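The following blocks contain the structures, represented as C-alpha cells.
Each of the two complexes below includes chain A, the first together with chain B, the second together with chain C.
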Partner chain A sequence: MAAVKTTSEVTLNRLAVVAVLIITIIFLAPIYWITATAFKPRNLATTIPPTVVFEPEISPFVKLFLRRSQLREQPTAEEYAEAPWWERLVFDGGEKIVRDGKGNVQLSGYPSRFMNSLIVAISSTVLAVGMGTLTAYGFSRFKVAGEQDWLFFILSTRMLPPVVVAIPMFLMYRWFGLNDTHLGLIILYTAFNLSFSVWLMKGFIDEIPKEYEEAALVDGYTRMEAFFKIVLPEAATGIAATAVFCFLIAWNEYAFALIMTRRDAQTAPPFIPSQVGSGLPDWTVIAAGTFLFLIPVAIFTFLLRNHLLRGMSFGAIRK
Partner chain B sequence: MATLAMTTLDPQSRAARRGWSDLTIRNAFIIPTIVFLIVFNIFPLLYSLGYSFTDFRASTNAPANFVGLANYRALLNDPFIWSNFAITAKYVIVSVTGQVVVGFGVAMLLNRTIPFKGLITTLLLLPMMLSMAVVGLFWKLLYDPSFGIINYALGLGRFEWLSDPDMALYAVAITDIWMWSPFVMLLSLAGLSAVPKHLYEAAAIDRAGTFYTFFRITLPLVAPILMIAIIFRTMEAFKTFDLAFILTSQPSAELISIRLYKMAFQEWQTGMSSALAYIMLIMVVGITNIYVKYLNKVKER
Partner chain C sequence: MTHIELRGVQKWFGSVQVIKDMNLEIAGNEFIVMLGQSGCGKTTTLRAVAGLETIDEGDILIDGKPVQHLKASDRDIAMVFQSFSLYPHMTVYENVAFPLRATGMSRADIDTSVREVARVLRITDLLDRKPSALSGGDMQRVAIGRALVRKPKAMLMDEPIGALDAKLREQMRAEIKRLHMKQGSTTIYVTHDQVEAMSLADRIVIMHEGVLQQVGTPDEVYARPQSLFVAQFVGSPVMNVSEATLKDEGGAVRVHYDPGDAGFEFPRELLGKLNGHGAGGLSLGIRPEGVLVSREPQAGYVPVEAHIIEPLGSHDIVDLKVGEGMLRARTPAGFVPRPGEVVHARIDPAQAHFFDTGSGKSLGIRL
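Here is the complex of A and B:
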C-alpha cells in the first residue's frame, strides 16, 4: 500500500475493525450463552425475555455429578440443617439425592462418561501419534516404491464416512465381544487418527534437515539412535501439536461412539445430548455438562493456535 | 505388500551397518500402520461388500441369502433414497456456499492491521474445534421456539426453526455455517497473506479500481487454497451425520448419512444398508481423489 493513506482508506479501515468486532461477538454469542446457562438458577434458564444479568450459581455443577430424584415431601428443618451444602442445593431445586442401601451418595451418569472420554481419547492419541510418527519418518527418510499411492491410501481411510465403516465394524465387534468396550472404541479412533497423524507428522519431519542425522551417523550413532536422540527431540513441537489434534478429534467424535457404545464405555458426546430426551430437561445441568466438556477444547485450541492451519489442511499448508 | 519391496536404499545406509539396517527400520516403521489400516478399515469394507449382495439382517439369526445386485437395484430405483440424496445435495450447496461467503468475507476484513488480531482470530476459530454433537445440542437451546435467544434477538416470536419442514434443513445449515466458516476463514487468511504486496502497489500506481484489483489479483491468487477449503467442506458436508441427527428429526432434513444409520441400526437391514454404504463410499472416494490432487498442487508451490 502507498505510504500516505487517504482519509477514505482510514475510514474504511475503521469500518472493517468495527465489523470484525461485531462478527466476533456474534460468533462467540452461542458459546457465551451455553456457558452462562451453566451458571444460572434453573428458573432463569428458560425465561422470556432471556435473562442476561443473574447471580452465578454452582448448583448446576453439583446436580450434574449426582443422581437425583423428584422430592416427594419437603425435608424437615432438621434434615435440611444437617445436610451438607451441596445436598441443600439439591433440596433447593426441589430434588433429593439418590442413595444406595448403605446411604452412599449415587453419582449421575456424567462422571463415568467423562472418564470414558478421557480414557479413549488419551489411549487412541498415544497409539495414533506413536505409530504415525514412526510411519511418517519411514516415508520421509527412506525410498518407498509407490510412496504417493501409499500416502493416498492412508489419507483415504480417513475420509470414509463413519457410518459406512461402522456397519461392518459393529458386526465384527459383536463377534469379538468388543461392542461397548473401551478397547473397541480405542481401536476405531486409532485407525481414524492414524492417517491424520501420518500426514501431519510427515510434514513436520520433512522440515528437519537430513544433515542432522547424517552427522550423527558419521559420529557412530546407529540409525535408531539417531532417530530417538536427534529426530524425535527436533520433532517435539510437531508431535505435541499432532497429539493435541488427535486428542480433540477423539474427544469430539460422536457417530462411532453412538453406534458402538451403550453404557459401560459410552463417551460424553453421545451421552450429553441424550439427557435432553423426554419431558422438561433441566438446561442448566445440560449446559454445565457441556461447559465442562468444552473446557479442554478451548484450552487446547488456544495452545494450538499457531498450528491450526497446518492441522486442518493435513500438513499441506504450512505458512 | 509387494509394492513395499525395497527399491534403492538411501545412500547414507553404509553408516547404518551397526544396529538395524535401514530396510528393517523402514519396514518396521511403516508396515504396522499399513496393516492396522487394512485390518480395521479395508477388511471391514470387504466384509460389508459381501453383505451388500445379501438380504442379511443383523437383528435375526436367519442366514444371509445371496441376492446378487438386487439391493443396489432396489436402492437406485427407490425415490425416497433419491430424495435423501437431493436433500443432501441441497444441504451441501447451502452450507458450503454460506461458509465460503462468510469465511472469505471475514478473512478479507481481517486481512489488515487490527488491534488484537491474533486473539480475535483464535476466538473466531473456536467453533470449528467443538464437538458437532455438543454444538447441535446447544443450538437446540438457541433455536427453541419459546425461549431460544435467536427468536428473541430477531424478534421472530415463536418461529419453529427445527420442527418446520421447510426450515429444518436450513437451520442445520446455519449451524454448520457458524461452525465451519472459521475453517474457510483460516485457509483464506493464509491465501490472502501470501499475495505479494507489490502486486497491490503496482495496481494502485495503475489506478486500478477495487473490483479490478479483487478479481484480477486477490481472487486468482487465493483460488487454489480456497478450492481446498471448498472441496474439503463439500466432502464433510456430504458426510454430515451428527449435527443434523441431533438437531432435528424432520424427514425433510434426513441427510443420506442419517438414512444409512436408520437403515443399518434401527431397521437392521444390514444387507441393504451395506449396499447404500457402498454407493456413498464410491462418491466419497471420488471427492477425496480431487481433494488430494489439489492438496499436492498447493504443496508444490
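Here is the complex of A and C:
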C-alpha cells in the first residue's frame, strides 16, 4: 500500500527538515570555523567581520610542526631564494625555522604531544573497557555478596567533581613519582572511566540471555571459553559504545593533564592553547592543532557509528 | 545406550526445597518425559543432570559413574532450551558446528557431521542463514541439530516446543518422535503439557512440589494413577473427583457421588475390596469417558440434567448435574441435543478409581 500523506503531514515534514538543517548548521559551525582558521593566513584569522572567502594555505601546519623563532631581521634575498617552499611560508609570517648545528630542522612540541594523547587515550580506554567488561560480567552472572553496595561504591567514585581531588592527587603522584609520566595519566583516566564502564557494560551484559552461555557450557566449552566465544561477540555493541565514551573522555581531558604533566607525558589539550606563537597569539596554529586533534575522534566514531547508534538506544531502554 | 540414574537427589534454593529425595532410573535409549506444573522442580532436575545446577545431596550417575561434581562441559550431554538459545552472531552452520569445534575435530569431519545432521533435520537450505532469519519451527530444528550433532550420551530438552504455536507444536512433536525412533538416544524431556507427555514418552515422570509422584508408561499413569494429583493432572478434560459415600443396599452398593444425588450402583465386591480402606475419607474418580450416558432409562442408570455442552467436533463434553455437583461425561457429538435435557447416566465400575481423601493415595481397587 502506497503511503498517502495529507497536506498537513507534508508541511510538518518540511518543517522538521528545516529544523534539522538549522540544528546541523549550529553544531557544524564551530567545526567549520576551526577548519577554516587552520587554513587561513595569519592576518585573516582575526578580521572583523570574519573572512569567509580566502586562499587556503598550509603555513599554519608547517608552523605547528616545526620549531621556529621571531625574525630579528629580514632574510636576505639569497636566503629567501635558497629556502624550500615551506620555509618561505614561515619567513612570510615574520618568523624563521630553528635549526640545529648541522642545519637540520627541529620538530615542535606538537607531534610528541599528539602521540602522548594517543598513547594515553588508547591505553586507558582498553584498560577501562576490558576491566569494566570483566567486572560487569561478574556482577551480572554470579552471586556477589553485597552486590548492590559494591555497585553503589563503584558509582560513588563519580559523584565528586574530579577537579576537587586534583591537589591531593597531585601530591600523591609526586610521592609515587608518577607526575608527568604516561603511566600516571593512564592510571588516572582508567580510574575515571572504570565506574562508568562497569555500569554501562553491566546493562549490556544483563541483556544477553544467560541461556546462550549455558548452551555453550553443555556444548562442551568452559565458562572462560563461553565468555570469549559467546558473551564478547554478543556484547560487541556495548563494548564499542563504552569504548567511544571512554576514549572521548580520556582524549578531551584537560584539567588533570594540565596539572599532572609538563613535558614528557603532556597531552595535546593543555599544549594546544600554549601555542600562542612568538609575540601575539597565532590563532591559525592553534586552529591547525585543534583540527588535527579532532581527526582521530572523528575516525573512531565513524568506524563504530552503527554500534554507537544501537548502543545509545540499547543501553537507554531498560526493563 | 546411556543409562542415567538419580539417587536421593535433594536441592534447596535458600530455604525452599525444590527437589525432595528424588530417585529415578532411566534405561538406555529411553524417552523420559518429566511432567508437572511450573515450579514443581522438573526443570531444576533437568538442569542438575546437565550440570547447570548443583545439587545439595545425592548422586547423579551416568553409565554408573557419579557426575554431580563434573562440569557441564565434561558430562557429554546435550540440551535443547525452551528459547532455543541459538547464538545470534553465528550462522546456522556455525551454530550446529559449535559443539564439534569444542572437541577439536578436523574441519572436514565437522563439515560431514553438520551436513549429515542438517539432512536428517531438513535444514540444509538454511545453513547460511542467521538465526534471526528463521521461523520458530526452523529455530527449533537447528537447536535440536546442534544437540544431536555431537552424538551425545543423552539429550535433555527443556520445553523445547513450548514457545511454538499450537499447530507447529503438533508437527514438531511428531518430528521429535520420529527423530528419537531413528537416533535412539537416551532423552529426558521436560514439559507441563500432558498431551506432549502422553504422545512422546516411553515413561512419564510426574512431579509435584519437588516430589516424584509417579513413574510409568503413558498408559499406566492414565489408567492407574497412584494419587489424586496424578489422576487430576493427567487427562483432558480432567477426571471427575468427589468425596463419595457408600450405602449397602443388599443386592448392590450405592455410591453417592454427591450427598444430594440418588447414588450410582456398584457391584457388591467393592465392599470386600474396600475392607476398611479409605479411613481418611473416600474419593471417587471417574474420567469423562467412564460416565455412560443414555437417552432412554435403563437399569442402573440415574436420571440427570445436562447443564453445559462443549462440542469438540469428534465428541462432546457434557456437564451433568448430579445433586449439587457436576459430572463431566464424554458423549458422541450431538448425543445430548441441548442443555437442560434430562438424560440417564451411570458410572462404569470398571473405570472407577478410589482414593483415600486424607493421603490422596490410590486404594488400587479395580472392579
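As a working rule, the second predicted complex is superposed on the first by the 268 of 319 C-alpha atoms of A that agree within 3 Å, B and C clash if a C-alpha of one lies under 4 Å from a C-alpha of the other, contacts with A are read in each partner's own complex, and residues count from 1 in each chain.
Convention: a contact is a pair of C-beta atoms (placed from the backbone, for glycine too) under 8 Å apart; a residue touches a chain by one contact, two chains touch by 3 or more.
Note that the structure is predicted; figures quoted are calculated from it, not measured.
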item: Touched partner set for A:R14, first chain B, second chain C, both or neither; value: neither
item: Touched partner set for A:Y212, first chain B, second chain C, both or neither; value: second
item: Partner chain in contact with A:P233 - chain B first, chain C second, else both or neither; value: second
item: First, second, both or neither for A:R263, with chain B first and chain C second; value: neither
item: Partner chain(s) touched by A:G132 [first = chain B, second = chain C, both, neither]; value: first
item: Larger contact residue set on chain A - chain B or chain C; value: B
item: First, second, both or neither for A:M224, with chain B first and chain C second; value: first
item: Where chain A meets both chain C and chain B, residue numbers; value: 214, 217-218, 220, 222, 225
item: In the complex with chain A, residue positions of chain B that touch it; value: 3-5, 7-10, 12, 15-16, 18-20, 22, 25-26, 28-30, 32-34, 36-37, 40-42, 44-45, 47-48, 51, 58, 106, 109-110, 112-115, 118, 120-134, 136-142, 144, 146-147, 149, 152, 178, 182-183, 186-187, 190, 193, 197, 200-201, 204, 225, 228, 235, 239, 241-242, 246, 257, 260-261, 264-265, 270, 273-274, 277, 280-281, 284-285, 287-288, 291-292, 295-296, 298-299
item: Touching residues (chain side chain A, partner chain B) in the complex; value: 1-2, 13, 16-17, 19-21, 23-24, 27-31, 33-34, 37, 46-50, 131-132, 134-135, 137-139, 141-146, 148-150, 152-157, 159-172, 174, 187-188, 190-191, 194-195, 198, 213-214, 217-218, 220, 222-225, 227, 248, 251-255, 259, 269-270, 272-273, 276, 283, 286-287, 290, 293-294, 297-298, 300-302, 305, 308-309, 312-314, 316-317, 319
item: Complex interface listing, chain A residues touching chain C; value: 209, 211-212, 214-222, 225, 230, 233-234, 236
item: In the complex with chain A, residue positions of chain C that touch it; value: 50-52, 71-73, 75-79, 81, 83, 85, 87-89, 98-99, 102-103, 146, 150, 156
